[in-house]
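Encoded as structure tokens, here's the structure I'll be asking about.
So that you can tell them apart, the chains are marked A, B, C and D in the order they are listed, and the count of residues begins at 1 in each.
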Amino acid sequence: MSNVNLGVSLCGIDFKNPVTVASGTFGSGMEYSEFVDLNKLGAVTTKGVAITPWAGNPTPRIAETYGGMINAIGLQNPGLDTFLERDIPFLKNYDTKIIVNVCGHSEEEYVEAVKRLADAPVDMLEINISCPNVKEGGIAFGTVPASAEKITKAVKAVAKQPIIMKLSPNVTSIADMARACEAGGADAVSLINTLTGMKIDINRRTFAVANKTGGMSGPAVKPVAVRMVYEVANAVNLPIIGMGGIRNAEDALEFIMAGATLVSVGTANFNDPLTTIKVVEGLEAFCEKNGVKDIKELIGCVK
Amino acid sequence: MSNVNLGVSLCGIDFKNPVTVASGTFGSGMEYSEFVDLNKLGAVTTKGVAITPWAGNPTPRIAETYGGMINAIGLQNPGLDTFLERDIPFLKNYDTKIIVNVCGHSEEEYVEAVKRLADAPVDMLEINISCPNVKEGGIAFGTVPASAEKITKAVKAVAKQPIIMKLSPNVTSIADMARACEAGGADAVSLINTLTGMKIDINRRTFAVANKTGGMSGPAVKPVAVRMVYEVANAVNLPIIGMGGIRNAEDALEFIMAGATLVSVGTANFNDPLTTIKVVEGLEAFCEKNGVKDIKELIGCVK
Amino acid sequence: MTFRENATITKATKLATGVFEIWFETKDIAKAAIPGQFISVYSNHGERLLPRPISICRIDGNLLRIVYRVVGAGTDEFSKMQVGEKLTIQGPLGNGYELDKIKAAIEAKGGNFKKALLFGGGIGVPPMLELAASLDIETDVVLGYRDSENFLKDEFEKVANVHIATDDGSVGFHGNVIDAAKDENLKADVIFACGPLPMLKGVKTFANELGIPAYISLEEKMACGIGACLACVCKTSKKDEHSQVNNARVCKEGPVFDAAEVEI
Amino acid sequence: MTFRENATITKATKLATGVFEIWFETKDIAKAAIPGQFISVYSNHGERLLPRPISICRIDGNLLRIVYRVVGAGTDEFSKMQVGEKLTIQGPLGNGYELDKIKAAIEAKGGNFKKALLFGGGIGVPPMLELAASLDIETDVVLGYRDSENFLKDEFEKVANVHIATDDGSVGFHGNVIDAAKDENLKADVIFACGPLPMLKGVKTFANELGIPAYISLEEKMACGIGACLACVCKTSKKDEHSQVNNARVCKEGPVFDAAEVEI
């Protein structure tokens, strides 16, 4: 047993360590449970779910880019009914927290989803107002502060779990977006979602993903993500879940030192399904080596 | 001799090929001329220059990131006097076009610089309203459409050369920024400048660059850059100089097919000083292989 | 069970212009694999993060063989690897040709499972080899190539009746694999096929005409390769159980599908 | 002239804990190099785009030797390279110890150039070796190490009077190189030094006390390595001619500076 305390708490919930997964890169954990002992994660964050099943975008839905990828899955999901019947009971077999990522086409759909999740045995809800692949409305919430504040309020009015607002990096001022969520009553913010990108297939003279644009993620985006976490940490009094390109403990520590309480591993899972475990172990090793007794000492330590 | 015509023209100026360098990565060409025959470039774009010498930021000024780098040089430059006496005569020895990148702390400084360049033997001016490392004012021009329009107008009023407005990617809508420049009378736009990023040195628990944040560039940013070029090509009727992560002809072709008339090689010069030449040769080879007689056919061919 | 291994290359050869094979020594993957499954092959270069899905061509004890065409930077990297070097691979992935299940399904519908017809087109040829070797019923294989570089042909001849079709007519039938099968009047109880999409469409139609089932291998761009990211879906005719929409995951429910159940 | 070569490694050895040497066979670089210059070493991995600046430790005909400490991913990669493998290198870069110029400058100011004192601290030891070998005047070298792993010591002994200082006192003087020099009452007409910044500050003060010039090698993070990007500047006391501000480029005007002319 090590002497390092990796536990963190966020909105009154205790996590055994600060490591979770980025929504959409880990399903509901089933597939990855063949590689990863889910009991070892601070939390599992599930793929975005809506009140009804969504079919998502046409294929190709992804393309590899230099040090990253772009995706335009289009929030395909089986809908809340199947999710609550199948995925939540599966996750309840594990000793880990559950964060449910929620998507919708309109304020009403978000509110309806949050209502239906109110009595589900899940720990937190993460509201994805920033998915660049949904045209019907999601995108506006994610880039206009007033809309973000409004939807935060609407969701908070019906939510029983703490609400995390997930921010898009495709804005001039991420601090303004975070302030708007804080004003709307958010309990936490998570960032970053994907950077809108494009890849052109020069041989076929067309777009590499059918949706033309997609969301860029992976190690390539990390500097933007760390900068935004730092800006938000200095703009609001909300706890932060940091993500964007984390593939090892050193990356996670950048986010923690910039101000994140929890960190999420996303795209790196595709490169190595054991990344989350390696991050947990690496955080512990770093703390031991540097005489850090409690990882909480490191949160926001770089000013 | 090949049958491919690589020539392009922009604002009435003819370039022997569409390849130039990104401002700030190539000095005024002197150092690179040891590796690169400058006669083979469509144009040389020089490092940002101001009316007086600037000392720039403290060191460390750069940090490597995954597939890219961040820089906070802070626009160190020797001032227009030295530049006009030393650098322009040097470049005039070569058969290539000269694009001078201009920076300033205020509208007055930009206007003054453009005035003093009016009778210099240079082909175009590129107005850097987007450098994230200058605090005094530059940054506002680059992220607020109305400011961009105003400075474009001010500069155009005194300019004798065609004016390229260089856009920052750190905005919610790059199309709005381009429209503002078009409304202000810009002759062309160039994009993208660097994405604001941060790297934390976890062992020293401090920022990897002294300026805390820096501008991210290199192959990592390419998908964002291509997407923005595409958006701008579809928003305005101005020719576009595309850049951001180009390191080979395939990358350059993505920008061209997305709508760029000229392309600039930046960070890749640091990895291989011969990148520009390889891009020119690769463009020619691609056209030959694909039966493209004139590279102009490819500009904006992906819709 | 799926395994992740840093596997040593025991053989790496060029089979034809742009076509290479690698044999890996694996701890568990080969033993767990069946024909039609694939593995994820990871680049040793950090700028390429996503796995390359490559079908299993041959299983021999602990040894696993893949055969691939160089089409981009990842396959180019693999083609330069040498014996003794290592690549991280993950698998076996996907359903593969679950012959017992397929047989049972066909017989349940009153069909026979006594004669198989396999189609392999281009780089769809290699995955048919382990299948041809595994089938203990009479097996015809129609292999389609561009030209006279008929990689793996000799090995197929040891395990099945081989028919060749080439685009340039240099060997065997001049034309596509379906026309070759028609030309030779090949008949079967079941079809298995892997190849480019136009060929698979042809196979689907052909199977319909013959009134027999066809099991085809689909391709799609993948990120996770294990069913978590929903990148690799294909359209299904019925509502897919996992997705609750008409999208099956090629990497999980596939890559082998009953042609009647997917829209291609 | 600066050259870029994909150079073959002819020797790659570990010299001490975390310290490695590589010998390259070069076409032009070695022949063009002088002591105190450096080369840019490029990673073979696409996620690391910037060159690693490494000083030239030894020049032998076409052969060039570097000695480096593993501190991060790039140097770790280099340390795993083997004889016969290749790395892209560029150089020689920077001014180096231009001994004729330095001698002339010193004599112009009425000083002597008859006795040199060299300081090398930690991974600043290696660049002093080619310098010590090149100097044809009496030369004392004070080498500072952490402990008893005194890499390159034997080679220095062949070309200079060697004095050792160690942080842990296990070999030679217990303490830093300046105190070691004072302890032995070493005197000279000129000092050359490479090592960590605190050591260089000490050297500057020491040289001032002795009233002799000191030429020191500075380090800074670099992007282009050839003077174009302005990443690697150091503060100079007088206005720098190139920059028109008090910033000299370590990669171009340096890495060797007259200690009196830089603010450290």
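Keep in mind that, in the parts below, a contact is a pair of C-beta atoms (placed from the backbone, for glycine too) under 8 Å apart; a residue touches a chain by one contact, two chains touch by 3 or more.
Bear in mind the structure is a predicted one, so any value in this text is a computation, not a measurement.
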Just grab the chain with the largest centre-to-centre distance to subunit A, centres being mean Cα coordinates. D
From the mean C-alpha coordinate of subunit A to that of subunit D, what's the distance rounded to whole Å? 47
Subunit C and subunit D have mean C-alpha positions lying a whole-number Å distance apart equal to 57
Determine the centre-to-centre distance between subunit A and subunit B, using the mean Cα coordinates as centres, and give it in whole Å. 34
Note the residues in subunit D that touch 2 or more other chains, in rising order. 46-48
If you look at subunit A, which of its residues touch at least two other chains? 66-68, 219
For the protein chains shown, what form does their contact graph take: line, ring, star, complete or other? complete
In their shared complex, subunit C is touched by residues of subunit D numbered 45-48
The answer for subunit B against subunit D in the complex is residues 24-27, 30-32, 34-35, 47, 53-56, 59-64, 66-69, 71, 73, 76, 78-79, 82, 218-219, 267-274
Counting only contacts in the complex, subunit B reaches subunit C at residues 66-67, 219
Applying the document's contact rule, which stretches of subunit C touch subunit A when the two form their complex? 1-2, 4, 42, 46-51, 90, 220-234, 242-247, 252
Given the complex, residues on subunit A that touch subunit B span 65-68, 70, 143, 170-172, 195-200, 202, 205-207, 212-214, 216, 219-224, 226-227, 230, 245, 250, 253-254, 257-258, 286, 301-302
